[in-house]
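Given below, in the form of structure tokens, are the structures.
Both complexes below contain chain A, partnered by chain B and then by chain C.
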Partner chain A sequence: MSRLFSRSNGVSEKRLNILIIDDNEQITKMISSFLDMSNHECTVVNEGKEGLESIKTKQYDSIILDLAMPEYDGYKILETLKTEDPTQLPKIIILTASNIPLDTVRRFKELGIASCLQKPVDIDQLLTKIKAVAG
Partner chain B sequence: MLKIKQALFLIFGITSFIIFYIGFLNYITTEDKIIGIGILAFSIIASLGTIVATFYISNNITKPVESLARRMNEFSKTNTIQKASITDKEFQELYSLHKDFEDMAGKVGHSLEKEKQLNLELQEIDTRKSEFMSMISHELKTPIMPIKGYVQLLKKQELMGSLNEKQLDALNEIQISASKLEKLIQDILIAQKIELGKLSVEQNIFESGYIVENAFKAFSPICQSSGIDFKMSSAVSDNVYTDSDRIAQVFSNLITNAMSFVSPGTGKIEIGALDNADFVTFFVKDNGIGISEDQQKNIFKKFYQVDTSSTRKKEGSGLGLSICEGIIKTLGGKIWVKSTLNEGTVFFFDLPKAKIPVESFQINSN
Partner chain C sequence: MTMEEALIENLVLGNDHKESMKKINENLIEYGLTPNQSKVYLYLTKTGEKTASGISKNLNIPRTESYHLLNSLEQKGIIFSIFGKPTKFNAVPIEDALTIIIDNEKKRVLDLELKKEKIMTLWETVPKYVGESENVDGNKFQILQGKNSILVKIERMAKTAKEEVLVLGSDSNFIKFYHTEFVNLLKKTKAELQVLTTYSKKGQFALDGLPLNNIKKLDESNRHNFSFIIKDNQEVVFFINSGSPELMAIWTDSKSFVTTLKSLFKLIWRKSPYVLEKENKFTQNMSEDYEHRLREIEQEKVILDYLSQNLVKKEAKNE
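Take a look at the complex of A and B:
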């Protein structure tokens, strides 16, 4: 796993390795452009099944996951990744346009999901959240 | 109350007794015994005949009338009637009455059934419309994200390269429009949730002062820049059991409304909370153009917009106040308005006080 350090605006920041799983290519392109420009490494996957493979094969500092995707959706990915110990779950930020009821948000937290954001989200807030989640 | 049967027996009973009595009187007073016996026999036969006729008439009048009453009762309960056993051998008027009632019940029943069916169809259309609106609003949220994101990115000139003043101005306009669109979509989604009874709230104990202060902090800068005198006066600081985010939204809608009704420079808006028995009454008061009594009746209806004046632009979706009402009702309170034209408007809303001992809870005031 790459642990590079970059220098941005004179402040030393850890270069994060981020995976984005979202079927909307415009959204993934926009976020990845922003993250690239902010000196973070970004992997984009526009399909659920492939996204799951990526999670399994490589370790990421943070994963941005969409829920509503055709064929293999975010819920299926979460179901597969579900672990006995919630702390063992990869650091996932759910980014969805769907309305998530409070009960589901609580269940996500119990599963070990780091955060749940609603589209459209402010990109600066998204980056702050990614940094917080990645530690 | 006397029944038809009883009345018939009373009248015909007395009549048959009188016939018999006359015959009997004749029998004991007449000298010619044969004529006397004849008249007595005739009077006995006549009075017996009257009694038999009474039975017949009584049965043929009361039974159909009772059956009609039964059928009417049945119809009022079920909107349908069974076929009657009455035949055209009965009294003609009663037979017609049954027949006409059957026709009428058939027509009314048919109309009611049609109306019921139409109502069901309308409900289904309404639910489908609400679901469609939710789906559309959800679909609209997705493309807004790249629009807003790229605008934000383009404004990061250190990353994307420098922009001249005109380009920055154009970007700002896109950003404002995208934000308005986002707010509109959010409003539609919340209004739909309220309509479908699916608005989720997370209630907790909050100080009323904290709620008022939060709204004040959120709107102070924009009021200041718009030249509006914005004040906060919290007479009480009771604890209310509510959802602070939803209430922030109510305050936001009411203050935004107030801002559109006051004049910059002389405009005044005041927010606060008052004690009201088991409730805390929050208010948003302005010295704007006011709302006429006619308009006050409609302002909480969806898509209704107060007609300000030809010089003012109508802004917003017309959903703001109906959303406020939906949220307040869901949180167990009520919302109302007091307004005088050209003097100003006050919107009030009640929230239930927290009944649980406050000491046992950590008050959320962060």
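Take a look at the complex of A and C:
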């Protein structure tokens, strides 16, 4: 199945290693199915604290991070990462259904967040962002 | 207690009804009967026709007094005498008796209203004394006892207020005015109304009907058990929590008292939030949650559409 979505135009694409941190299990399942079909490797975590542990223990080409999560949210993850090592922030795409004020978007950029998207996002656009971030 | 009384109390009525009879007795006193009048009336309703001497003996009331009591009750129209020797007495059924007492009271008030004009006309004919005008404003006070006299005062204040009516108090105090005209009186005032109250979930019903944009919520630190109502810069009614079931208040037009309480009110008013703000915040959070969930659902739909479209393409290719 993955061959169908690999957009093969003769050139084989790099298989990316992606982490999704989002408390919405439906969405994480769907995105991971889509990424899997597109021949990428996907790790799903539905809880903030566990997500932070995953970031610390393994290197990912790209991380899709939700902001609004119960108990340990995306903001806390970013804050911890920034406090621990502000120079080594992983490649993060924020994907959230929350309203994000403009100055917060600005602060995210200053922090080095690769992209900030508000749900619903076109799935092709998401893949383009993931590839761009992964370099 | 005589044998007859004992029989009535314990056998005819039963012990369970003693408390009800006690309460009825108390209420009849509020209807304007003296304790002994009430006792005689209830005795007659329970036992049926009796002679004056029988009543006197069974209720342990001196004979001369029992004649007076029977006479006064007959004049009120709630008992009647039966021709015969000796004369016997019986009671009008309680429902009719209550209606008669209420009607009498209504008629008395009507008479008083009619007489007011007459007294005032007569008063005009009396020459004025010099000392009469020495009643200086700003030094008067009254102790108001009972819900009705307090309500009458509040009504006058609300009606005559020109600038503002300021109300401060915990809703446990306002609950005492529930089922009265209290809220209506405040609503009808032409002056600006400001209400500072605890507005608790249990007690907010006491202020039902007042516009919420006139009400601010009293902070925890200000939840002292005191209440007052200020009219303009002129008068204040200050409620006294004496612990007695009857409401008591002090009314005064003392300038220093009014100014002090008004400053206190304004200080608390400035720092307090409107009760409406709380509700707005709640509604806003609700709507944000709703929008958030809606976006999540739309995202799910976008991905599902993409996946299903590509599955259809795959099937078509396989065919």
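One rule holds for everything that comes next: the second predicted complex is superposed on the first by the 121 of 135 C-alpha atoms of A that agree within 3 Å, B and C clash if a C-alpha of one lies under 4 Å from a C-alpha of the other, contacts with A are read in each partner's own complex, and residues count from 1 in each chain.
Here, a contact is a pair of C-beta atoms (placed from the backbone, for glycine too) under 8 Å apart; a residue touches a chain by one contact, two chains touch by 3 or more.
All values reported here derive from a predicted model rather than from experimental measurement.
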Determine, under the contact definition given at the top, whether A:Val121 touches first (chain B), second (chain C), both, or neither. both
Which of the two partners, first being chain B and second being chain C, lies in contact with A:Leu102: first, second, both, or neither? first
Examine A:Ala132 and indicate which partner it touches, taking first as chain B and second as chain C; both and neither are also allowed. neither
In the superposed arrangement, does A:Ile31 touch chain B (first), chain C (second), both or neither? both
Dual-contact residues of chain A, meaning touching chain B and chain C, are 24, 26-27, 30-31, 33-34, 37, 97-99, 118-124
For the complex, which residues does chain B have touching chain A? 134, 138-139, 141-150, 152-153, 156, 158-160, 182, 189, 193, 200, 202
Quick one: in the complex, what on chain A touches chain C? 1, 4-5, 24, 26-27, 30-31, 33-34, 37, 68, 97-99, 118-124
Please give the residue numbers of chain A that touch chain B in the complex, ascending. 9, 24, 26-27, 29-31, 33-34, 37-38, 97-99, 101-102, 118-124
Chain A partner contacts - residues on chain C that touch it in the complex: 288, 291-296, 298-304, 306-307, 310, 313-314, 317
